[in-house]
Every structure is written in structure tokens, then in C-alpha cells.
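Input: structures, listed below.
The two complexes that follow have chain A in common; it is paired with chain B in the first and with chain C in the second.
This part shows the complex of A and B:
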């Protein structure tokens, strides 16, 4: 059925075009032979094709445009005709003899255009006559096109200021009056379309109407182009008249479109100066009109206007734009009870953007907007609507974008209240926006209060919200989020240690609520942030008065210990272990022996109780050794205890090579370069010998199980340790011991049972080369090495 | 082909020659011509003759002097024997149901010559002074009114020689002192109420009808609206009255369906239409009246109309 309709329409259009072209042909012939009478006859017949009722607006437009082109030729002919002496007044009458009204009026408009150009009568009289006579077409589609033709041909002939058609009697008022009248009539016709035809075609009709809307809107565009329409005229005549028509037509489509048009075509400063009137019309529109979009557009335009130049800002203040808009929005929301949440939020979002642009200094305004929004949202519970949520995100992002500074935003007390209406997922998204804004702008957040507020805002990232446990969170996303939080924690900083400590406490309070999944991300960040503070304090003298409230490294370490302990709930022993060691190192630098000892103890306990994987043990042990080696704060006793433990652990590793390596690493614990009292050559030697034994045992074990010994790399490694301590001047390491080991290695390597290993060969070769090199260096070192024979 | 056939041009007398010869036998023995004294300057207007041909004839109005001269020119070598020569000015009404029978409402006679013989060209001046010609020349559907000059050369047995000269009379009126507009509200209850207004009730032939149609109530789907000019010619009287109505103009005023409160302008130029002045009861023989007929057509092609008489008059054109 429908496709038939379309086909029929094609046929009708084709027939219409054919008829039009045929008559146009005869018309051309008449024009060529200067036969006015025939020209009129054929042009009227040609225009009769436009009388059809069978075409949709789209197809009708096609036909109209063809007629339009032909009429241009006719107009030129009329112009020449008047030059040949034919009176334009007679012509104006002559075309009115046509019996059919539509062709008659098209011809009248065409001659009218020539008439105005001739200036034989005031433009205003002719325009007035034309716009009046067009009333004869009451058919919406035909009327709209006819009047559109009228506005087209008259466009350049309005008695505008500065126009050649302006005269004593013709003023811009007449021009405006003409356009307004044509606009009013066109709008009436357009609105009338809605009410004609059966109800079941409503959708089709609305589609057709929307195709025609620009014909109506064009008039407003013309008005905006009229030079003479200055602010006063716009205020006194144009806007009231246009709005009167908009309000009175009581048509949803027209009201929405025309309000949009008004906002788009007229200059911003006009809007600003007529804000009362424009906003006053909004509550009078039909309840179904999408006012929120209209107002949003208005505010957007004004925002951009405000942003365009600082010079215009006083105008905004002068007209109290903010309070007017704010009131208008309130009224609209009140009037439209059924407005969906998305609408409400969109409006407030636009208003917020506006106030941010216009009154960047008035945070209270922004807060007011947020407050009003909260009020409207209250009682509605979490917002489920996807679009509404998006709008809230936009609303909340606006201040961030504007100020690039979360601190300012945090001053908006209603900000977090708005967030409460978001669902968990969106809160997270919003929190990410905030965090990213901070990281991007490197915002300094330097007070505990701000931190408190900030963490309140981004709590979606900090802890699991109700119900969100069920959500399957993408692992990567989660990591990304938490890394962002970690970055954020690192960025919180204040020069004042007391305040910084407070910040740390606040952060700690919040991250402790984060649950076991988040802690591994957040705790290290906090620990390092705290250590930064420790480092800052370590150089300073202790407060001689022992002020209880002052921030001391001790206090921080207490806090750190507590913090790290929490990781046991995860559990994340390896992480906690590393953090303990980090802290111990810091405590060392602060000369806090008991603290350092305690931290080490904790690390040891974790090692013993929690770290059971052999690989992890190896790593952990090396960390212990590395850290312990650097500790200088310990007394002999404590140090002995700790080193003893460490060597003990080394010997207990599962794999022989691991044991061996751990043991020779332990040798370093007894030899601290800068501390002469901690150079125990004997014990170093002991460790190395023990390592050698273990290496030997490893070889034998390998031989026993596989029938071939493993690579000799362990020996070579020990050889390197020998050389190291030899150079350092450990008296226990002699040329003989080194010589012995080299020989041992050489023998081993030549043994049949040894598996050839090129990397071990290379390692050994380069070690020997090193000895050779040291020898040739000469001086004290060379002398020392001289006796070693390779 | 060109060489194959040859033209056959006979030497016989051609047909027209014979005709002339034959007709010559019955030709009147003289020619009579009627000339107006101001014939060269007087305005001439077209007049449709009975045989359908249009000729240009002089135009007069009432109370004018009709003067001129009659020339009687006997054919070579012939004399005209007569019982007197006279000229008549006749105003005649001819009803087509009684064709050929003229009713003379005006008849003026001038005797030009006493009985005698005319041997050579003779000229007679004539004059009808301030002739009362109250009615205009009219060519209608069923009736015609004409003015004619009739020259009669009376002869006894041979039959009189008669020559006619038509002329047209048009009478001009000054603008009427009272010329009210026509304004009226009409309607069908709960269906359609309109108010129409025409600026005058009396229009001259080149006038423009200005008006507007105001829609007070519209409950029907109107398709379009036309304004028609209708001419009603009634002839005869009493039981024999015959009425003929013609629609002379059909002028579309509106296209599409208006809503309540719309006002549609009317501007109709009368000049393109062949109108005559209104004629009321011309000598008890006929009347010609004009009406404006406003017609509204709805989508089911039902017609709603209202007819109003207007008077048409001939306005003296400025020199």
C-alpha cells in the first residue's frame, strides 16, 4: 500500500513536471516574441500545476523550484516590458485578471517585485498589498510555498535602513511589519496542517511538517538580517510580536522549533537584554514542549557569549541574568510536573555552565544551582535513567572543567549531595573524572579537610558501594581505577608536616574501608607518601620541648605499622614484607633503632610465617640482606640477632644453589664499607667458605642424581665475591685462597663429568680478564693482584 | 513527375464572371449611401451583425444631433423613378422568439424629396436634432436592441429601395450620488457562517470590486471559494417571461479550507469581462440584471452560495 502511494506520487510529480515544462515552453516562445498576453496565459497555466494536492511537501518542493526558476525569467521579461513603455501599474492589474487564485498570486508577487523596483509606488504599499492578497490561499502547503515565494522575491526589496527602497514614507517599520505578518500567516498555515486529515496519519503529518519548518523559520532569519532591527526595535516590536504568535499558536512542534529559531538567529546581546520577555514566554508554552532543550540552548549561547569576551560580562550583571534564568528554570520545572529527571538535570547543567562562564567568581551561585538540583532530585531515589545519569555527570564535570581545580569544586557543598543520586557505576565514572582532572592538572590538594571532602566524592573508587559487589568488574578496569587512586594519594601534599600528617591520617581512614581488593593498591601509595614526610622530617631536630601534638617520625612510624598490618587481612605478605623493609630503612635514617628493629622483626615474622614459596623466599631473603646491609642504626646485639637470623634463613633455603647464593650474599652483612666497626673479615670468610661447601655439595648432588655435575657458575660467583673482598682489604682473603679457588674451578671445568656450559665459560673468562686488567692497572691495586697467577 | 502532366488551362469564361453578369440583372438601379457629417472623427465601435460578422459603426449617445447626408447615385444611363425619398431613425427591439418582427420604440422621419425622377447623383442632407435615445444598443441571448438609419426610396410597382445604416448608442451616467456597499451575514446554522462585504452596490464597467469575506464559523471542509458575475436577461412579460442566466466570470477567491476568523480579500477587475450596463424594464420588453454570486464548494463538491444584485452603469470616460 505504502509503496504504491510512493509510486503514485512519483507519477503525479512526473505529470506535474511535464505539464509545467510544456507550458513553460510556450511561455518562453511568447516571451521571445514579446507577446505579453500569451506570456500571461501560459505562465498562469504553468503555475496551475502548483495547484495539486497530491504531492508530499518534498515532491511539491521539487515542482515549486522548477516553477520558481521559470518565474525568474518571467520577472526579467516584465522588467523589460516596463522599459518598453508598458505601465507597471497596468501590468499589476493585468495579472490579476487570472481566474485561478494560485497562479494569479504567484504572478502578482512576481510583478509586485518589479513594481517595487520601479519605485513608482512606495515599497511598503506594494508589500502590504501582496501579503494581504496572499490570504486567499488557505491551503497550508500551497499557502506556505506561495508565501515563501513572496518572502523570497521581496527579501532584497524591503525598505530597510540603508536600502534603496527606504524613503520618507517607507521605513524599516514597514519592512518589519511585512515580514512579521508573513511570518504570522505562514505559521498559522503550518500549525493548521496538524489538524487536517485523519488522526491515523499523525506521524506522517508531523514528518511532513518538520520538512516544512524552515520555510516558516526563514522569516525570522530575514528579520534578523534587517539592518534596521536594532535592540530597541527588537525589544519593542519584533520579539513581542513573534512570541505572541508562538504562544498563541498552541502547537507543540511550532513552539519548540520557533523558540529554537529565535535563540539561534538573533544576536546574543539581544537575548541578554530581553531575557525577561523571552523567559516569560517559556511557562506559557504547551506542557509537551521540550523547554529544557530550548532553555539549554539559550544558556549555552549566552555562556559562549560570556566566554567570548570579558567586556560583555558587565552586561550580564546589569541584567541579573543569573537570577532571571534561575527563576525561569524553577518556574518551568514547577509548571511541567511530568518533566523527566533528565530534563531537570539538563536544565540545571546548562544553568551551571552558564553561571560558571558568567560568574566564575561566584561559587555561591554554582552551589545554589547544585542545591536546587538536589532539591528536585530528592525523593526520587537513585537515578536509573541512563540519559539522566549522563546529564548528571555532565553537570558535575562542568565545574571541574571550568576551574581545573578540584579544590574550588570542593567548596561547593551541594556537589557531593548531587552525587548521592547516582548509581554505583556512575559514581565510579564520576570519581574517575575527578581523579583524572586532578592528575591532569596536577592540582595541589593541601588540607585535610579538602582531602576528606575529596575522598567523600570519589568514594566510588575507594570502597565497594551497596550492591556493586554483584557487578562483574573488569580486572583491567579495576586495576586502572585503583592505580589512579594510588596516583592521587601520591599527589596530596602539604609543606607543613602537621597538616600533611593529618592528610595522611584522613587518607588512611578512607582507604581502610576499601576492602581487601583495593588495599594492595592503596596501602603502598600511602606508605610511600608517609615515608616522603618522614624523609622531610628526618633532617630536622626533634622538637626540644617535646610537644605532644607535633608530628614526629615516631608517630608516623606508628601509623605506618598499623597501616601495613592491615595488609595481613588481604593477605598480601610479600607486599607487607617489602613495605616493612622500606620503613625499616627509613627508620634507620631517622636513627630510630627500636622502630627499625621492630619493623625488621615484623618482616622476619612474615618471612617465617607467611612466605613459603621457595622462589618468594629467595627474593625476600635477598631483600632482607640488602636492607640489613645498609642499616647502621643497630647496636651490636640487635645487629647480631638480625644477621644471625638472616644467615640462618639462608642456610635453610630449599635449593642448594639458592642456599649458596644467599649465604655468600650474607657475607656482605659483616662488611660495611663506611663503618670500620662493622668489618668482620673472619665472618665474611666463614660465609664464603660455607658457600663454597654448599656449592660443592650441589655439584655432588647433581653428579649423584644426573651423572653429571652442574655448571661451575656458583664457584665463579664465589670467586667474584673473593675478589670483591680482596679488593676491599679483607685480610682473610689471601692470594692463596683466590689461587686455590681458581684452580678448583679450572679442574672442575676440565672434569669429564662436567656439563659444558658456554655462559659459565664466558663468565669465568671475563673474571680472569678482570684480574688481568687489575694487574695491569699498576699502583696499589696492581701490586695486590700481581701475585695471583692465572 | 514534373514533366509527365501538363496544366490544362481552358479558355472558357471563369465562374465569377458569370455570377457578376447574372446578378447585374437584378441590381438596384442606383446606389444609396449614408454618410455622417462627423463620420471621420466620430468614434467607431464594433457591432455584431445578424450574420455573425462584426463591423465598425459610429457611436452616439442620447440627445446628440445625428446629421449627415444621403447620396443617391443612379447607375449609368438609368433613372430612378420614385414616389418620394425619406430617412427614418429607428430604435428597435427584436425578440428572438419572434425574429424579424421589430418593435419600434423610437421612430423619427425626415422627408427628403417629393416624388419625381432622379437622373444623376443627388445628395440630401439630413438632421435629427437632440435625438432622445434612452436605451443603449444591446445584443443579448434572446433579445436585441438596435438603432438604425433607414433610407427609403419609395417606388410603386418595382418595390422600394431601402438602405440601412446601423449605429450604436451608449449612454453614460455620472457616478451615483448614493452608492452604499453591500454587507451581509449569511450562514447555515452550526455549519457555516460568513460575512461578506463588497465596497459598492453600483459599479461601472471598468470598476473593481473590492471586498472581503469573513469567516465567522466553519464546520465544513471548504475546498475553494469563487466569486461569479452572472447576467440575468429576462424577456417578455407575464406568463411569457423568459429568463436566461449566464455566468460571465468565475473568479477564484480562495483555495483551501479557512478557519474561523480568517478574512479573505476580494479584488475583482470588471474590465476583462463583456458587461453591459444594467437595463431595467426596457420598454416593458426586457431587463438585464447583474449579480455577484459567492460560491463556496466543500470537499464533497456541495455548493453553498449567496447571490447579490449589483448595478452596472456606464461611466462617462474622461476625455
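This part shows the complex of A and C:
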């Protein structure tokens, strides 16, 4: 009959609680009436509920805790009894009359606690007696709880150093001996559980054992809290005895758990000083024990300890912790041939973190760890296990986090070798980690060699990797990635132009492999980074020593042209166009006329051949005009060619208003304020007249179509240009020309065919106000404006 | 009811791993402190006699494992608690953020009769560390949280230097005593006149 369902268990627990409460009730009554005999009787009956075999550890614990609370009251009663003159020795005898052994032993432990407190006998003797008597319970679950009770009630009565129970006869050795003995017995009970009952219940049994483990482990916690357990005692007695039990029990669950406990409950200093012993026990454990987790936890703990204060580092050196751990790991990996990759990497990752914290100055150690890891990974191909790749990312991130400096990490020759075992996706993840580390820490990467190594590491972001079919990359993620790369490119810097040039060449080499999706992000970054170098060199004499290899603006421009040209493969004509103009401006500042001319030509070619959208054309043309206006490097001939073309383009724009605006903008190409030899009033006037003609034509067209507004404001815009050049002293612009245009506009605005346009009205009004204002200014300006009638 | 019941006050200390629960208890009960970190396994209590308004009480202080993996048997020992002490490390935001979870978990598991008014006390420990320079949780922030949870008394402590530990436990004892948590009053279904009560367990005879 198998009916161990959860419901049944609830029922049994409820019945147990009811029985317990009923007897507790009578026990209370007996306590209140100071009836010792009844108190013992009911408490024994109450404790009989703990004799059940039907409850799981969790439920049993519930029942146990209730009994435990009741026993505290009984304990207080015993204490009061002894104060009333009852002999504690008699009490100790008396409770042993209880009929059943389990209640008897609970009562004995309770009285024992009072007995020790009374100090009528040495604590050592009582403890020894109790721990021996508990052998009477061999049922694992009941025995474990009974002994746990013993350890709890004796917890504050151990003859520890400085304790009131310490005496000539009672020493800390007795305290430790007592706890160790209880621990050993408990562990035996716990291990024995594994071998009881039918094999098919193995899973359930292991679950129950796992629930009970803390009862056993708590003894180790108590040992760690014993004041008298100093390093010597730990080294000579505690650790060897505990490990002896751990090794000899030959039980996988117990060994793993107890190793974990040892590592967690005893202090770091103790572990460091007993590393040999602790690590020596590892190979003696059952082969199925998860030693890698045990060792990782040990290393993690020690790493945190090392990180906590520089003062403790000498302790690590003194015991040669690194080499001991390193050897132990090697042995474990060698012994466990079937250890999965994730296990191997976890171990090396923990060791790496350890050495980074303990020996931050020993890069060779870190490299050694990475090298050992590579050796283990080799021959296994790309790692596909998700957990393992996560561990590798952790492994590779550790040096970055420690040094906050990729340059230091680049010195680890095995670093890139480890990356070779990653799949494409993870290489990308790792590359992002690296780039983010650089951006966050503003790391200066200032040599071409480092840049080369770095780009090799982050190649997952730089190009499509073989095999990683870019399936469904999220657009936004991709943009963010490539923007990070762009930022990174801008951060690479060296004061020395030659080295900087080398860096630029290196970057160029790598980004060229990026493919058409990446180029629009990376090329501009490289162009601007190169222009920074141009600006730095600008003003210096071009190649003063005739050194062929020297970095000169000319050389950089060559490279720039090549770089921008690459964009044609994308194609990204508008971007390339803008970059050409940017470069042209820089060439102008360097007084490199042929270079600037060539760049402009390239921009013009793109304009003519590639930019076909009318809106894009308008924008591009204004960029041309704006840039060209600033150029002073061109001789008459070149300049004429370029301006001629620009005005030509203007007249060819699709829409009349666009044509008009572009043409009047061109007027500025013939009038440069700071250059007296570039003030051609006649051609300015030609442009403006042409603009007027176009505006007229536009007006006629719009009259034909009715309703469309705009042309009037074109006239006003041209009027403003007139005023500008009038003020600048262009002799072609006379009072009469201005007066004529004002009249034209006034008539236009009053004409019936024109649709009212408030913004044009306002624009015109404020233009007239301006004229009025200039008049009132007086002086030369006022005189100039005076004749204009508004 | 006789007074025996109320002489024992049960206090549970909760908080993340490494915030100093064991150290606070050791400092209060034994006046000792160790800088070394030692994990606690399971639950473990120490007792201390306290005098309050001319009466002697036994404070039963339960120290608990902050690491979940060392709490394999569950939390049946929460039952019957008279006060719950929530500890965090003022140098760790995470430990402060966890207070809410610890509080809620306690209320669920211990299910006190009046959860709204169950006495908690919050301790911000390790105020001594680095002369207070590494502190990340301000007193203001902590007090605001305590206020929002029904004016929980708050103390800033250092188990290492013994700062405020005595005061905090005084307050803890006072609140435990005031706690409305009466023990569930049990009355047997049938009054057994003969006083002959057979144990009903069915375990083996050991």
C-alpha cells in the first residue's frame, strides 16, 4: 500500500500537531501547578509525536519546531525546580524513566542543558554522556533531528575559550571533540539514508537527504563559531577530522555539500593556510562529485578576499596560492576526462579572476591561465554549448574589468586564441564588451600595432564572419553596434602624425572588409579622424626635409579620396558627396589647390551622375555653393570653371523657385568680402537679374495655375540680396534698381490675381522697416539709404 | 494565564548574506566581534537575559543563513516570533533593496495574526566601514522606507565597533514584548478526566 501523497502527509502532520498540542496543554497545566511527575509524563507523551516515520523532512521539521518551543518552557521549569531545591542530578536520573527512548533522550538533553548550566558537573562529562546516549536512535531522520536538538541546546554551553563553562578539566578541545563527534554521527546517519529503502525511491530519497543536509552542516557552522578554534587548532584537529569523515563516507551528496560548507563557514585566512590539505582532499572524493564547482567556489571566495584589501595579498604570496590552485585544477581536469567544456572554462575563469585579484602585476600568470584553457579547448572546434560560451565571455571579460584597459589585455597573447573557439554570435558579443570597455574608460589606443590587434579581436563587428549567416539581424541593434565602432575609430589617437597615419591606414584596411552595410557608418568616422590629422599638420611646411616617408596632408588626401571612393560600392552618393566637400574645405585650408580642385570635381561628378532626386539636388547644390564660397585657394581659371558649373546647375533645377533661390545664392560666389580681387559686381548683378527673370517666369506660371503662392516672396528675397550688396558697395546696385524692385513688389501685392499671403506681407514690411532703420542711422549708411523712397 | 509564557521573547534576524547578522548577535550576546566572514548554516539561536520594567525576560535571538543554499529545511522556525529584525549593509544597495523581500517573505511564512502591526526593526549595519566613505544607502532613504512600512524603528549600527547595538536590541526587546502575538490558545477537544492520554503516533518503538 503506497499512499504517501501530499494530502496524506498533511493529514498526518495535522494529527501529529493535534497530539502534540493536547499533551502540551496538559504539560502546561502540570507546570503551572508545579507537578513535576505529570509534567514529565505529558512532555514524554508530547515528544512521542516525533516518533512518526510518515513525514517528509520539511513536515517533520514543522512538528519538531513546535516540540522545540514547548521544551523551552520545560527547560525554564527545570531551572526553577533546581532553584526550589530539586537536585539536578536527580532530575537527570528521573527523566530517564520515560518509556520510549526518543522522548527520553529529548528530555535528557533538555535536563542536560540545565545540568551544564548548574555547573554541578563538568560540562565535558555531560556533553560526552549526551552525545553517546544519542546513539540510541539509529533511525536517520529522527536521529538527525535529535542530534540537531542536542547541538542547539548545548550551543552556548560549550567549554569554549573565555566561556563560563571553561575550566581546568574542560577545555576547548572537549568542546571541539563534542561537536566533531556529533557531526560524525550525524553524517553517518545522513549517508545511511541513501542505502535504505527500495532502489526505485532513489530520487525521493535524495530529495529528502538534500532537505536534511543543513542539520549536518550546522555542526561545521558551530565549529567555526567556537572562539578557541584558532588557525593551529583548525589545521591540526578540525580540518583533518572533518575531511577524514568527508573522504571516508564515500557518499557523493555528502562530499559535495560538506566541501561547500567547509569553504563557506571557515574564514579565508584558514583556507589559505591549509590549501594543501583542502586541495589534497579533492582527488580523494568520489569521481562523480562536482569538484569544479567546489574549486570555483573556493577561488571565488579567495578572490573576494584578495579584492577586499591589499594588506592581505602577502598571505597569498607566502603560501603560493596561485601555483597550488593552478596545479589542483590541472589535476582535476586531467582526471575527469569527460568534464564538459563548460566545466573546464568555469575552472579557468575562476582561476583567472583569482590571479587578476591576487597578482594584478603578473600578466604572465593571466596569460598562462588563458594558455592552459586554449590547450584544453583545442581540437574541440567551435564551442556550441550555450553555457560554455557564456563562461568564455566571463573569462574574457575578467581582464577587461580588472584593468579597465584594453591595451593591457592586448598584451595577453593567448587572449585572441581563446576567442578562436567562439561562434560568430559570441565573438560579436565579446567584441561589444571590448568596445564598450574602451568607450567607458576612454582608453587611449595609440599605436598601429595595438589597433591591428584590437581590430582582430573585434572582427565580429567589423565584418561578416564565415559561417555566421546574418540571419535576421535587428536593424536597430546593427545601427547601435556600428555606431559604437564609429565612436571607437574616433577615439584612436596619437600625437605623432606618422603613427597616427599608420593607425588610419590600419583602420582603413579593416573597415574595407566590412561590406556595404557597414561602410556608411565606418567611412565617415575614418574620414573625420583623418581630417583631424590634416588640421593638425595644416600650417606646417609641406614636407620640409623632402622625406618620402613623412606624413603630409597630400598623402592623407590621397588616402581620403580612396576611402571615399569605396562608398560608390554601396552606393551612397549623397554621403560621399558631402565627404568630398568636407575634404575640399580642408584642402583649401592647407593651400592645396590641385587637391581641392580634384575633390570638387569628384563632388560634381557625383552631383551630375548619381544624385537624381530633385530635393536631394537642391540640398546638394546649396552645399556646393556654400563650400565654394569659402574657397580661396583657387586661381581664376579653376574658380571660373567651378562657379560657372554651379550657376549652370542652379538654372537646371526642376522647380522654378528652387532655380531662383539657387541662382541668387550663386551671386555670393562672385563677391568675397575678405578678398578684394574677388569682388565682381557685374557678375553679381547678372546672377540677381537672372534670378529676377526666373521669379517672373515662376509668377506667370503660378498665375496660370492660380492659387499657388510663393513668387512674391521670391521677389522680396531678391530685394534683400540687392540691399546686401548695396550695403557692401557693389556699384552695380543702385538706388534706382532697388526702387524699381520695391515698386514691382508693391504692385504685385496689390494685384487682384495674387492670393493674399500674410507671411510675404510681413516679410516685405520688415524689409521696408529695415530700410527705414538704416536711413535713420545717419552717417555714411544713412546717407546711402536716404534716396530710397519707401 | 500564568506569566511563564511571556518570559520568552523570540526574535528572528533576517537579511542578505554578509550584512552582519551573526556579528550583530555575537556582539550583543557575547560582546565579541570577528572580522572574518563565516557563512551561517541553517538557523541558530543564542539567548540573552534582559531586564525590562523590573521583569526578567529571555531573549531568544535566531540568526539565519543569508545564503539560500544553506536554508534547506525551510523556515518553520519563524513560527511564534515576537519581533523580526531586518538587517542590511549601508555599503550595499542590493542588501537594502532586498529588505522588502525579506519582510514580505517573513509575513507570508510566519503568518502573524496581525501582519499590519507586527513589529519589525531595521538595522543599517557596517556604518564604520571606510569611515563612512563607501556608504551607498543614505540614512534618509532608509528612514523613508521604514516610514512607508508603518514606521518601523530604525538604527544605524556597527557590530564591529558596538555602535548602537545595545540600543537596537533594547528596542527590539521592547517591541517584541509589546507585540500582540499571543500564542495560539489551545483547548483540548475533550477534557480527559482520567488524565490517561494515549500517544497516537505510529512510529516504531525506538
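Keep in mind that, in the parts below, the second predicted complex is superposed on the first by the 746 of 790 C-alpha atoms of A that agree within 3 Å, B and C clash if a C-alpha of one lies under 4 Å from a C-alpha of the other, contacts with A are read in each partner's own complex, and residues count from 1 in each chain.
Keep in mind that, in the parts below, contacts are C-beta pairs under 8 Å (C-beta built on N, C-alpha and C of every residue); 3 or more make two chains touch, one makes a residue touch a chain.
Just so it is clear, the structure is predicted and the values come from calculations on it, not from any experiment.
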item: Partner chain in contact with A:87 - chain B first, chain C second, else both or neither; value: neither
item: First (chain B), second (chain C), both or neither touched by A:700; value: neither
item: Chain B versus chain C as contact partner of A:140, first or second or both or neither; value: first
item: Partner chain in contact with A:210 - chain B first, chain C second, else both or neither; value: second
item: First (chain B), second (chain C), both or neither touched by A:318; value: neither
item: Partner chain in contact with A:19 - chain B first, chain C second, else both or neither; value: second
item: Per-residue contact with chain A, leading partner among chain C and chain B; value: C
item: First (chain B), second (chain C), both or neither touched by A:225; value: second
item: Partner chain in contact with A:267 - chain B first, chain C second, else both or neither; value: second
item: Touched partner set for A:558, first chain B, second chain C, both or neither; value: neither
item: Residues of chain A contacting chain B in one complex and chain C in the other; value: 51, 100-102, 136-139, 142
item: Touching residues (chain side chain A, partner chain C) in the complex; value: 15-16, 19, 21-26, 31-32, 38, 42, 45, 48-54, 57-58, 61-62, 64-66, 69, 72-73, 76-77, 100-102, 136-139, 142, 152, 155-156, 210-215, 217-218, 220-222, 224-225, 227, 260-261, 264-269
item: Touch list for chain B against partner chain A, complex; value: 224, 249-259, 262-265, 267, 269, 271-272
item: Contact set on chain A toward chain B in their complex; value: 51, 93, 96-97, 99-102, 104, 132-133, 135-140, 142-143, 192, 196
item: Contacting residues of chain C [partner chain A, same complex]; value: 2, 4-5, 7-8, 22, 26, 32, 34, 36-42, 44-47, 58, 60, 65, 67, 69-74, 76-77, 79-80, 186-189, 192, 195, 197, 199-206
